[in-house]
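One structure is given below, encoded as structure tokens.
The first chain written gets the first letter, and so on, giving A, B, C and D; residue counts start at 1 in each chain.
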Amino acid sequence: MGRRVGILTGGGDAPGLNAVIRAFVKRGAGQLGWDVVGIEDSFDGLMDRPRRVHHLTPVSCQGLLHRGGTILGTTNRGDPFAFPSADGPRDRRRDLVEGVKAEGLEGLVVIGGDGSQAIGLRVMEELGIPVIGVPKTIDNDLSATDLTFGFQSAVDVATDALDRLHTTAESHDRVMFLEVMGRDAGHIALHAGLAGGADVILLPEIPYDPHEVAEKVRRRKARGRPFSLIVVAEGALPAREDGSAVPHDQVKPRLKRGGGAAAIAMAQLEGLVDAEMRHTVLGHIQRGGSPVPFDRILATRFGVAAVDLVAEDRWGEMVRLQNGKVGGVPIREAIATYRLVDVHGEMMRTARAVGVEFGERG
Amino acid sequence: MGRRVGILTGGGDAPGLNAVIRAFVKRGAGQLGWDVVGIEDSFDGLMDRPRRVHHLTPVSCQGLLHRGGTILGTTNRGDPFAFPSADGPRDRRRDLVEGVKAEGLEGLVVIGGDGSQAIGLRVMEELGIPVIGVPKTIDNDLSATDLTFGFQSAVDVATDALDRLHTTAESHDRVMFLEVMGRDAGHIALHAGLAGGADVILLPEIPYDPHEVAEKVRRRKARGRPFSLIVVAEGALPAREDGSAVPHDQVKPRLKRGGGAAAIAMAQLEGLVDAEMRHTVLGHIQRGGSPVPFDRILATRFGVAAVDLVAEDRWGEMVRLQNGKVGGVPIREAIATYRLVDVHGEMMRTARAVGVEFGERG
Amino acid sequence: MGRRVGILTGGGDAPGLNAVIRAFVKRGAGQLGWDVVGIEDSFDGLMDRPRRVHHLTPVSCQGLLHRGGTILGTTNRGDPFAFPSADGPRDRRRDLVEGVKAEGLEGLVVIGGDGSQAIGLRVMEELGIPVIGVPKTIDNDLSATDLTFGFQSAVDVATDALDRLHTTAESHDRVMFLEVMGRDAGHIALHAGLAGGADVILLPEIPYDPHEVAEKVRRRKARGRPFSLIVVAEGALPAREDGSAVPHDQVKPRLKRGGGAAAIAMAQLEGLVDAEMRHTVLGHIQRGGSPVPFDRILATRFGVAAVDLVAEDRWGEMVRLQNGKVGGVPIREAIATYRLVDVHGEMMRTARAVGVEFGERG
Amino acid sequence: MGRRVGILTGGGDAPGLNAVIRAFVKRGAGQLGWDVVGIEDSFDGLMDRPRRVHHLTPVSCQGLLHRGGTILGTTNRGDPFAFPSADGPRDRRRDLVEGVKAEGLEGLVVIGGDGSQAIGLRVMEELGIPVIGVPKTIDNDLSATDLTFGFQSAVDVATDALDRLHTTAESHDRVMFLEVMGRDAGHIALHAGLAGGADVILLPEIPYDPHEVAEKVRRRKARGRPFSLIVVAEGALPAREDGSAVPHDQVKPRLKRGGGAAAIAMAQLEGLVDAEMRHTVLGHIQRGGSPVPFDRILATRFGVAAVDLVAEDRWGEMVRLQNGKVGGVPIREAIATYRLVDVHGEMMRTARAVGVEFGERG
């Protein structure tokens, strides 16, 4: 009763953000009678004058469950400790403290990735503004939580693209490269590749040998399958002699037409395989649109759990899912680790067992 | 090497069956060199003469990953201990033993629900035919495994239907009832209801009081929301004075137009609420079609795990997922328990926290 | 300039209504500067006091293009000449005239089916209120226009259901009946059946002989296809000896479990074919949800064309599509005729050419 | 009776090719008893030795209706008059004539775009092999037919991508560029842009002025819509002073990261608008996957109509749709003209009426 809490979304958007906001408001404002204040564009809405904040009620959250994006807006540029400006990073801590005070907020709920959570932690520890975190990473690379919303939606978009490329690859006997999100961790590539029947998956975790990839393509052709589907995570790179990844800036110049990881991979294969090749970059399509039911439910659970953490004054904690149960973990602990694909784990074993290859050097 | 194993699907079909078969064949036949024999229509294909069996190879499994149904066919009538016939149940144990012998099978992989697994166990214990189980229940009601493939696909179909009913309900100020699968356990209803923004969810686990449902509809109307979405599990029934469910045969006569759980629920509300009402029964649409990526992956993991169990001669075990890991559990143990919706669990708490009601008596 | 026009939606909702409203407002209000007044629930919003009307602007129409239903609400009970009430139909013409006057409306744009268009015509001719019509029939049965929005979206939903039923029918060797919309005209059944690979399509236009249907099912089984998909339009009925349709009330009592056209058809086949049979009724799912791109475009064209008709003072006309061009036709002419499936037309010939049957008596 | 006809698919694949093949076989082989011979990879399968041809029957066409791609395979390199080889184009006319003779084919059904149709015509006129054409262009740019299958499927994929980009653009206040197919004609861009609510559509038919595009983006921002969606056809290019398009090779060097039309357009806007910008290239995803119901029906009609043309010995004609009716047109006439977007037509007027702009110079 009488609580007044701010809520904001930071970093790249992910399907399910609105479902978190809706759940938080339905439970916090609708059932517990709190004042919930939506802050625009990460921390920005609190630092500007006039402030861009909105009183959120269950009525203002109608229809949000299946809507992509975030009604609060988001940005990667909302760091009050180092706010980007023409003259370099600017210190806007005072603006933030004043904003929180002027709005009478008891604390902030920060829905965001590891970057936003790290800022949230500093906001709490250095500025004394209580913060609760809700994890958001479409890449599912936060090890503190078993799953994050948005990931399954991204996998679905990527799998649908693979299903489509499959028929056209087969019709034309082509090698098709599909680049999906995943700069550091290849979870989306691995899951979508497995679900979409990819022949090769290139991951940031495994620098690949183009000759191994070419060999796989040739073996398929020899078996009467003259087409191949290759999923490439954004962060996948070819290997050097010692097995480490070729630095990105050394690969780029070798490309004819520039581009990202899929273009690089395709360029590496030219000359090694005798087949038409094409590449596609899914890009932001993976982020947008209505969340799949799985993510709507997970996001709703996270939103309700955030209310629980606030109600129990567990400031400094972040919502997380662990072994099927939603609970809290100290933000400090949550942002300390990162989950890469376990290259010896069961998912990888499964992939290999159905014939997927990863371009590993023999 | 030299192993020869039969594989069959029993009971109602579920999206992902073909993905299990494909993974089993790719790993077992393609990589390990086993003979894999596909048996048509549950145990039937082995009992008939001529037998309906097929040699399965990676080539015969091309394109199966995203295909719904089961290429092996399935039936609910394949029990060799009590085979349905015009003259009553018939003992066909000898036919089965002969079939297995004639095909030279070392053992059978039974992909099926608790009914098929129980038959599989008897086949192993009473007839001496080694069996490995792979769980299949679209209702996700086997407590031995945290998840089964097909469930998420069914939830997706039901959620899509709710999304569609939402707009037409709102346009017409109607109360819409959607009946989804779930005779004994209401998992699909709960998940789809949560993902689709249902106002009321009626579960087999909670006999409902029509007056409570009507009250919810009225409260919404009073708040300017003159429409409601009500998800009804097949097995949901109204409560008697003592809180127990009204037996099904006592409810039916009160219906004007007959029908299942949704029609019953709608009939119960007539006279109690002043609104147009409509009901829809999703039926077999929930079972069919391409599995969602989540189920394709889970099914693939199960298929590979079944190969592992066979390779390790762990006959008598069933594949299962527990705390994120795929492994085995004795079939006997697996079929002994059943998972209902935990009416005091976190999913129910989450649903209530966003305003979903269940028709519980105050 | 200075024009002030009301817009309303009547009858059952259809995907695309919001896209018409959006286009009308963007063009009329946004570009031409008109006052556009949205009226709630068909003519009702004008007859009540306080009136339920809303000033519509491009801002209030943001996000409407892909949203199902109608933001204005709709009803089948808005006839001012015979308004349904507890004491029988009531004359509310005066209320309507006063409402139009009080709102200062120059005329009304009526988006609706033949029922709503007929009321609109009376409103114009008897009450002197100028009216422009926009056709809306999900069944595509208005002969004055080649196509109406919503139809293709309904066909897509029905086809998706058929695709799903296909895999489960094939796995279980079942005969599956799918009931789709179409009381008088079978266009949805014919198109969805053709797109979804139905074996039999039962249309309101052709009373069917159950023996012919059974014969088709048997012939498929004999050719090794022991399953069948049968699409049933709501208005399809079995034939009598003389070839005419059995009256609906004479068929119903023969049903075990009651129900509509699909249940009737299934009951007719019992005893005639040796196969498990199941039926599904799609119902309101066909009306709801986001319109397919085809319908969004058509609805947008209709909305813009309605502005053109108003701008040219062509009151009394209805928008229509003819030979690829959008234009106007007198409402009186438009509602005089009705388009049934041409049972000798090219679409039917095409269906027969790929083996679809219609249960016609030899 | 006793007819023996070859069928092949040439050029880029399009959703619906398999549905044409299925319909042709069901009608021709299944009902009329013809021998239908499927030829692999355009004309290639006839020229090679051993020939790659298959006897097609209704059984071999099961499940094809909703399957993307073409089971016959296709290629852009199958011209017998100028067959691509390492030593330059090779004359393989004799191989083709011998192939047709050896297979005993009365004639060929060529499903393909204007390139394939032109080859087909030469094959008929110069080599004396009778040919019937079935038009295939995903771009819908053949003026001889009102519509071609595959187009609507491509529009649906592009519109879905726009829907997804919409939410992420809005959340981040970004300007999003989506590149869709259309080298010479912008039909896909226009339709998808209209259906997906694009703010600007850049067409091959209208060289665009970046300042006009920037002005539109700025005006939106001033009205409180700080994001924009821009659809770019592959062939869209900026205008020179005189209004003509800048030649492609003069634009490319100005790009930082290389790329196609969307990257060019984005580069043109840099410095002109103050907003984050991103671009996505849909590529081959537009070609693949299951055809939408609309295309399945159209393809089926075309396949049946091709049988009619053969049956009536109307060799030298191509199937086409005109004013809602399927019929034939001489191939020579069909390939003589090309349909660009009519920049003064009703679709363009409609687009402008809802606020879409095309970057036209004032």
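One rule holds in what follows: a contact is a pair of C-beta atoms (placed from the backbone, for glycine too) under 8 Å apart; a residue touches a chain by one contact, two chains touch by 3 or more.
Just so we're clear, the structure is a prediction, and the values are computed from it rather than from any experiment.
Separation of chain A from chain C in touch steps, taking the shortest path, is 2.
The distance from the centre of chain A to the centre of chain B, each centre being the mean of the chain's C-alpha atoms, comes to 31 Å. If each chain is reduced to the centroid of its CA atoms, chain B and chain D end up 42 Å from each other.
Chain centres here are Cα means. That of chain B falls 34 Å from that of chain C. Across the assembly, chain C contributes 163 as residues in contact with two or more other chains.
Inter-chain contacts occur between A-B, A-D, B-C, C-D. Contact residues of chain C toward chain B in the complex are 9, 12-13, 17, 41, 67-70, 73-75, 157, 160-161, 163-173, 176, 257-259, 278-285, 287-289. Contacts from chain D toward chain C in the complex involve residues 22-23, 26-27, 30-31, 58, 65-66, 146, 152, 155-156, 159, 163, 191-192, 194-197, 292-294, 296-297, 300-301, 303-304, 307, 323-326, 346-347, 349-350, 353-355.
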